[in-house]
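Next come two complexes, and both contain chain A; in the first it sits with chain B, in the second with chain C.
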Partner chain A sequence: MASILQRQKSSILDRPLSKGKAEVNLSTFALLFSEMVQYCQSRVYTVPELQNKLTEMGHHVGVRMLDILFLRERTFKREVKLLNMLLFIKTNLWKTLFGKEADKLEHANDDERTYYIIEKEPLLNKFISVPKDKSSLNCASFMAGIIEAVLNGCNFPAKVTTHWHKGTTFMIKFDESVIARDKTVDGR
Partner chain B sequence: MAVCVAVISKENFPLFIKTIPTENELKFFYTVHTSLDVVEEKISNVGKNVNDMRELYLGLLYPTEDYKVYGYVTNTKVKFVIVVESSNTNLRDNEIRGMFRRLHNAYVDMMCNPFYTPGENISSKPFERIVDSMLVQD
Partner chain C sequence: MSRQTVRSGDPRKVSAELFTLTYGALVSQLVKDYENVDEVNKQLDKLGYNMGIRLIEDFLARSNVGRCHDLRETADVIAKVGFKMFLGIVPTVSNWSPSGDEFSLLLDNNPLTDFVELPEGQSNLEYSSILCGVLRGALEMVQMEVNVWFVQDQLKGDNTTEIRVKFIRRLEDAVPVGED
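Right after this comes the complex of A and B.
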């Protein structure tokens, strides 16, 4: 029996992705993303609706990214601390998706439930010029959806919204219960 | 090796259960169902060391007369339960751990399929094949 287990080679999921292969052509992605935005736009009437639709699409990506990233990079460990989870998003998730870390992670001064992830020039918005009559539209809502799905999947229920502030800011508002639980968990 | 492998969703409904022998299926359903309470207890343990809480593998959940039940919870709170026969003494903790890892790998492979909606019953053939390889007697 032991010999059977030993013979099993470590599967491809056990190893981190090789850096060179992980990249996708930016133009191709931009084309796909622009089609996604157009698809959403043709089905809604208002800007918030459009953003919600993009967020929803992000969820599908988020739930899948979450599982695979934890398997590859966290060596079979769970994340229980809030701050570590946010750092995981800022570094690991961002690196896998965009090849770089997020620019900034900030904590709101007046509200302990709120955190900000700031990205000066999101890759998603690189080729998107927002029309004048829809100035509040930020297509990075798609990214907000990914973040939201990752946090919800890890049992940190949160609401993520997108704002134009120092580039693009993702505002993460955690559930009351998350903060309460985080205080009971001791240690680093 | 194992006599029953089960995957249970975040909300505690079964996504996938496979047993050998098949005629006693219901008994294993009960066993897996009862084990969920132990899983819940283990992961909600407050005040435990952070490093203990981070471990996905939960170890032996409880032994019955004929079987031993092992548990594993992914970070998305999907539970894997493996039941092995108590008489099978050459299964060490490390091997059980290895089985869970393979199961987790297979689950993530299946999860990354864009046509799979999270929370649906698992009908993926590659996934089933891996489970089968754990179920066969040697």
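Right after this comes the complex of A and C.
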């Protein structure tokens, strides 16, 4: 009995949430990420498969970051407007993860469902040189996974893909329903 | 009003939360990919080894630490310089074996395991065994063969996290041509 009580006491949910100021050496992270990419590569055959695998791993991080950020920074308030949601990612999420805002947020001229977040030099790619025969590979797909999980977790279903354009561009394509809903929210 | 946490913005650092969660993503992926927990432990150790053999270079370049004269000095450098540099923690060196070839690193808090709880049925998972691999790989690059393993882990309800390091032998033939 006593031991059970003790275990419950030290449960992770009983400990205070960290303030998020802790940091580790960039090299440690870069080496870890490099091993992740190599591991993923050893289990797939093509570049798109590799990117999908990295995106999946990003989901794992994204859903957890979402919890942390909303608890810590927004005092439980959810986000209902599309633009604010995107700004939240561009500022809060990016600052927590990388210590800076994302470089740019843009809306596609020809498609109201598509937005772009542009990062000239993503931290994830800092120490990665892409082999010539795999020039389309962008390991920032991991970040795309994080963004996707955050959007989906806030009920803004979207698909996020990674492209080499002005550095790295994350293309966010929202579900029709999101745009339709946002118009009704705006109307009020 | 949203509160913003501000980090120092040092370009040589990265958010510990990003690091911890990324490591978590890797472990959970391994658990999905391999059904056997022992195999997951082995893979983590292997990935750590690969990190270690590269990390030592960064360590030597930045730390300005000279050659260690005995294992006690090595242990001190690992704890006070190595762990501090790469994980931001300083483990305590203790539990020396009488013959002086084995010691323990005691970790009060392990950045890898923030937010982590081992689910039921995963009690054999050595969640942080990547650290063993890193130590093994890094020390091998300075001509020391060691065995590294977890003795205690806070994740498993132990009071502290204890990594045991055992010195096996000096690797003489590993010196590249033209050195020394």
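Operating definition for what follows: the second predicted complex is superposed on the first by the 164 of 188 C-alpha atoms of A that agree within 3 Å, B and C clash if a C-alpha of one lies under 4 Å from a C-alpha of the other, contacts with A are read in each partner's own complex, and residues count from 1 in each chain.
Methods note: a residue touches a chain if its C-beta (ideal position, glycine included) is under 8 Å from a C-beta of that chain, and two chains touch if they have at least 3 such contacts.
All of these numbers come straight from a predicted model, not from anything done at the bench.
S.K.: First (chain B), second (chain C), both or neither: which does A:L87 touch?
M.R.: Neither partner.
S.K.: Thinking of the overlay built on chain A, is A:R64 touched by chain B (first), by chain C (second), by both, or by neither?
M.R.: In the superposed model, A:R64 contacts both chain B and chain C.
S.K.: Give one of first, second, both or neither to describe whether A:R43 is in contact with chain B, with chain C, with both, or with none.
M.R.: Touch partner of A:R43: chain C, not chain B.
S.K.: Looking at the overlay, what does A:L31 touch: chain B (first), chain C (second), both, or neither?
M.R.: Only chain C is touched by A:L31; chain B is not.
S.K.: After superposition on the shared chain, which partner residues are touched by A:V178: those of chain B (first), chain C (second), both, or neither?
M.R.: In the superposed model, A:V178 contacts neither chain B nor chain C.
S.K.: Based on the superposed arrangement, let me know which partner A:R78 touches: chain B (first), chain C (second), both, or neither?
M.R.: In the superposition, A:R78 touches chain B alone.
S.K.: With both complexes superposed on chain A, which partner does A:V130 reach: first (chain B), second (chain C), both or neither?
M.R.: It touches nothing on chain B or chain C.
S.K.: If you count the residues of chain A that each partner touches, which comes out higher, chain B or chain C?
M.R.: After superposing on chain A, more of chain A is contacted by C.
S.K.: Following superposition on chain A, which residues of chain A contact chain B and also contact chain C?
M.R.: Residues 11, 60, 64, 68, 74 of chain A touch both chain B and chain C.
S.K.: Taking the complex as given, what residues does chain A use to touch chain C?
M.R.: 7, 11-12, 18-29, 31-36, 38-39, 43, 53, 56-58, 60-61, 64-65, 68, 72-75, 88, 91-92, 95-100, 123, 142
S.K.: Sort out for me which residues of chain A touch chain B in the complex.
M.R.: 1-2, 4-5, 8, 11, 13-14, 60, 63-64, 66-68, 70-71, 74, 76-81, 153-155, 184-188
S.K.: Enumerate the contact residues on chain C facing chain A in the complex.
M.R.: Contacts found on chain C: 2-19, 21-26, 28-30, 33, 43, 47, 50-51, 54-55, 58, 85-88, 111, 114-117, 130, 157.
S.K.: Okay, in this complex, where on chain B does chain A touch?
M.R.: My answer: residues 1, 46-47, 49-51, 53-57, 73-77, 90-91, 95, 98, 101-102, 104-105, 107-109, 111-112, 114, 118, 138.
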